[in-house]
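Each structure below is given as structure tokens.
One chain, chain A, appears in both complexes that follow, with chain B as partner in the first and chain C in the second.
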Partner chain A sequence: MIDFIQNTVDGVMFGSSYALLAIGFTIVFGVMRRLNLAFGASIMLGAYMGTWLHVHYQVHVLVVAVTTVACTVLVGIYVERLCFHAVRRDAALASMVSSFVIWMQLEEAAIHLLPERTYAFPGLFAAGSYEAGPFLFRTEQTAMLLLAAVMVGALHLLLHRTRFGLALRATSENPLAAAYMGIHRTWTVLCAFVLMSLAGGVAGFAILATDQQITPFFGLWATFKGLIAMMLGGMGSLPGAILGGLLLGVVEAHALWYLGAEYRDLSAFLLLFAMLVSRPGGLLGQRILSREELAFRRV
Partner chain B sequence: MLALSGVEKRFGALAALDGIDLAVEIGDVLGIVGPNGSGKTTLLNIVTGVYPPTAGRVAFQDTDITGWAGHRIARLGIARTFQNIRLFPTMTVFDNVWAAQHGRVSGGLFGLLRSRPAAGCGDARRVDEVLEQVGLLGDREVLAKHLPLPARRRLEIARTLAVDARLLLLDEPAGGMTPAETADMARLIHEVVAPGRTCVVIEHKMALIAGVCSRLCVLDFGRKIAEGPPDRVLADPRVRQAYLGGEGEPDA
Partner chain C sequence: MSYYLGLAQLIGIHTLLGLSAYVLMLTGQLSLGQAGFFAIGAYCAGILTVIFELHIVPALLIAALLAAFFAFLVGFPALRVKGLMLVVATIAFGEFVRLFFFNLSWRVPRDGIHVGPDSTNGFREIRYFVANGWSAWEITLFVWTFVLLVMAALWWTDRSRAGAVLRAVGEDELAAQSVGLSLTTVKVTAMTAGGFIAGVGGALYAHTATYVDHLTFTVLLATFAISYPILGGLSSVFGTLVAVIFIQGVLVEGLRFMGDWRSIVFGLLIVVAMNLKPSGLFDARTARLLRRAVGLRGGEKSRA
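Let's turn to the complex of A and B:
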């Protein structure tokens, strides 16, 4: 029983960064109904720039953190301009495929920046832990949870308490009507990508600072985890992204403990498969709409 | 105020609009009527920048707006409603109207980060005022998707009122409504929307057109076949032929 609770707590802590990745995907999906497959790769490249500073100049970990987030945002803007802004609005598949192609380009860029496969990534703290009763908490995972909670809180305030958030939500609910109220779609989409990258950069730094190493595969890994967490929670739903991330973290933690490390990723895919079969819209996604609702939501 | 000259729109071989000249003066309540497929909504879509015309010019207050993007036209002061209602379904009635004010707000990043207006402050009062005018104040915290159809249409109108637009374009404001609901809508437009504003109303319910419009323009197969005061236009034999098929009453 203690093991079970311990695993669950660990899962929630690690799942908090899956939640941030899923939030990134879900914000852009909400605003433009597109998947940005290059998301993980942009985080990876941003983190590589931070690592590069660390490798060559031994900068402080906070500088690495700021560089990671800032460069993730820059790469995010680059991806938006190239794969989403430049591609015609009705060509949904084209922008998804081009974001996949850019993914390859970003990986190449990272390998040119730092040609060896694996680098040490600076941790936020010396790996430590503390005990509370029978349970053990890792310091860096606790920091991850706190960081994610602050991010989620800030995003919530931004989306629901500010005029900018209102414009973003309006565009995601009905792009055409939003445009005819003077809301600039291009600008709103760019802002959504900046938010996506912010959430991704913070999640990426928190995960890498826990793992304390980085490889070019981080891009693939982050895209998978974020996508799975978003699909579990329901596409386009912010609370769904949080729930999906935490659920994924908890299931992985249990699989890791009871079945072994090689079953961790397998369990994630099985969970996604079970969800897609039993509840295709995800936990908090839209259920099958009534005809009246369909007519109402038609864009 | 609004002037269309030689506006033409082709979709492939089909001429949806075929050389339309139209002028709307300040204070006009112009009704655009015509059978289904006669080009009414196409006309509105061209004025609001959904797509550009194939040929011809559109001018608003002496500015040539032909081919402008929708949000730029909106910021010039043209607001519209949609035949198939386009609200923000999971936002409250209040937020729907508040979002409509967005385009008016400048002030860059600082303006964007301003929070939801507290009850009683200027912005919120304006939103509440508009909601009261259309009779939705009691529903201000209701989600738009939970409103019945007539209330949804009234909310769309509230959004156009909130932006203090100089020109209002209403696309079938009584579409899908019962005769009693249509009469309510006619009263709303006549008493609240039209006074002191310039409007273009697309509708084919005579009950609404007759009570609201000061001038009518009749389209048929993308051409303007008549224009003038309602009673004269509706008595025109060509209009009766095109619009009524030469028999019976129009659907009321």
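Let's turn to the complex of A and C:
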């Protein structure tokens, strides 16, 4: 029983990083009804720029953090201009494929920047842990959970208490009506991408600072984990992204413990497939699914 | 010369992969799981010729049927999801298959060495062609026989009632249903056919490459599979062939002189091609121009 609870706690801790990635996906999907499959790769490239500074100039970890987030945003804007803004409105599919192809490009750029397989990534604090009763918590994972909570709170305020948030939600609800109200669609979409990349950059930095190493595989990993978490929770739903991330973390932790390491990713994909087939909108996304049936029809 | 033959084999195999996605796209289904069926075909055919020492043709057919069977099974749950959700569901399936083969280890001793898939180390020594003394010419001919058979079958299907049925479901499901077509039958059939074609491609790939491992069958391969018909357009099977030649022959091989920078230019060129021609390089307009150029009456059969 104690094992079970400990696994669940670990899962929640780890799931908070998935939740952060899923939030990024959900913002753009909510506004555009499109998937940005280059998301993980843009975080990876941003983090590589940060690592590059760290490797060559031994800068402080906070500088690495700022560089990571800033470069992720820049790369995010590049992806938006090339794969989403430039592609015709009715060709959602073409932009998804383009964004995936761009992933190759970004990965190549990262490898050119730092050609070795693995680099150390500076951690925020030394790895440590503390005990509460029979349970063990890792310090850096607790920090990640807190960070996720803070970011969700900030995003909630931004979306529900500011004019920009209102514009974003209006575009998400009904792009045409929003355009009639004088909301500039292109500009809103770009802002959504910036927001996505901000969330992704922070998430990427937090995850890498916990792992303390970075490889080019991080891009695909981040894309998949964020995508699975978003799909589980519900597309385009902020609470759904958090729920999906935590659920994914818990399921993976249990699969790791009871079945072994090789079943960890296997169980995640099986869960996703089962969820999509039984409840295509995810846990909390059913409403969006019925409202936006057009978006899910032939793309 | 062997370099060009190798390239021809690669183009043939990728054409099969692209056609498997093409069949599905005719019915409006977009699948990023084709790499999974390709992997099933590759591993199964490899196991049959290496461990059971079967002849290549039955091994290939059994592997393709097995891939088709799995596609059939995936077809039913896949009916419930459309568009982007289907894309993600099939990514999940493809990755699931890949991770399954990542964990699969089945080694048997043969002539003093162990052969068979060896989980993380991949599946080495699929030496059917070498062991039986096939020349590169014969292998290329063998690959292209299957490519041409599949292309001819699809071309014929497209001109028969079956093609119209597939396209009707792809154009408008509601209208197709209201004229009495069963969506379940049509979509699952397309899925099964796609699985079969991908399985043939995978089986050929495993034997020409002689080595496969799970990293061959990532979602990147699946992206290639769908980019061929997207880039080539859905007006005919030749679009897919043109796109494969364009990507594998012109872009991948032609940009080799750029060395490490190739991927960067490659990605950019595909994006530009998609921006310029969202309905495919070989769309109805190009087809009409070509037809006029070779002296047939243009625009007569404007189906797309």
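Note that the second predicted complex is superposed on the first by the 286 of 299 C-alpha atoms of A that agree within 3 Å, B and C clash if a C-alpha of one lies under 4 Å from a C-alpha of the other, contacts with A are read in each partner's own complex, and residues count from 1 in each chain.
As a convention for this text, a contact is a pair of C-beta atoms (placed from the backbone, for glycine too) under 8 Å apart; a residue touches a chain by one contact, two chains touch by 3 or more.
If you're wondering where the values come from, they're calculated on a predicted model, not measured in any experiment.
Asker: Which holds for A:A65: it touches chain B only (first), chain C only (second), both, or neither?
Answerer: In the superposition, A:A65 contacts neither chain B nor chain C.
Asker: Looking at A:L208, would you say it contacts chain B, chain C, both, or neither? Reply first, second, both or neither.
Answerer: Touch status of A:L208: no partner.
Asker: Does chain B (first) or chain C (second) touch A:A178, or do both, or does neither?
Answerer: first
Asker: Can A:R169 be said to touch chain B (first), chain C (second), both, or neither?
Answerer: Touch partner of A:R169: chain B, not chain C.
Asker: By residue count, is chain A touched more by chain B or by chain C?
Answerer: The larger set of chain A residues in touch belongs to C.
Asker: Kindly classify A:E262 by the partners it touches after superposition: chain B alone (first), chain C alone (second), both, or neither?
Answerer: Touch status of A:E262: second partner only.
Asker: Just checking: does A:V12 make contact with chain B only, chain C only, both, or neither of them? Give me first, second, both or neither.
Answerer: After superposition on chain A, A:V12 lies in contact with neither partner.
Asker: Touching A:R161 in the superposition: chain B (first), chain C (second), both, neither?
Answerer: A:R161 sits against chain B, while chain C stays out of touch.
Asker: Starting from the residues of chain A touching chain B, keep only those that also touch chain C in the other complex, and list them.
Answerer: Residues common to the chain A contacts of chain C and of chain B are 295-299, listed in rising order.
Asker: So in the complex, which bits of chain B are touching chain A?
Answerer: For chain B paired with chain A, touching residues are 48, 50, 69-71, 73-75, 79-80, 82, 84-91, 95, 98-100, 102-105, 111-116, 145, 159, 163.
Asker: Mind listing the chain A positions that touch chain C in their complex?
Answerer: Touching chain C: residues 33, 35, 82-83, 86-88, 91-94, 96-98, 100-105, 107-109, 111-112, 220, 224, 227-228, 231, 262, 265-266, 269-270, 272-273, 276-278, 280, 295-299 of chain A.
Asker: Tell me, which parts of chain A touch chain B in their complex?
Answerer: Checking each residue of chain A against chain B gives 160-164, 166-167, 169-170, 173-174, 176-185, 293, 295-299.
Asker: Over in the complex, which chain C residues touch chain A? Could you list them?
Answerer: 28, 30, 77-78, 80-85, 87-89, 91-93, 95-96, 99-100, 102-103, 170, 218-220, 223, 226-227, 230, 260-261, 263-264, 266-268, 270-271, 274-275, 278
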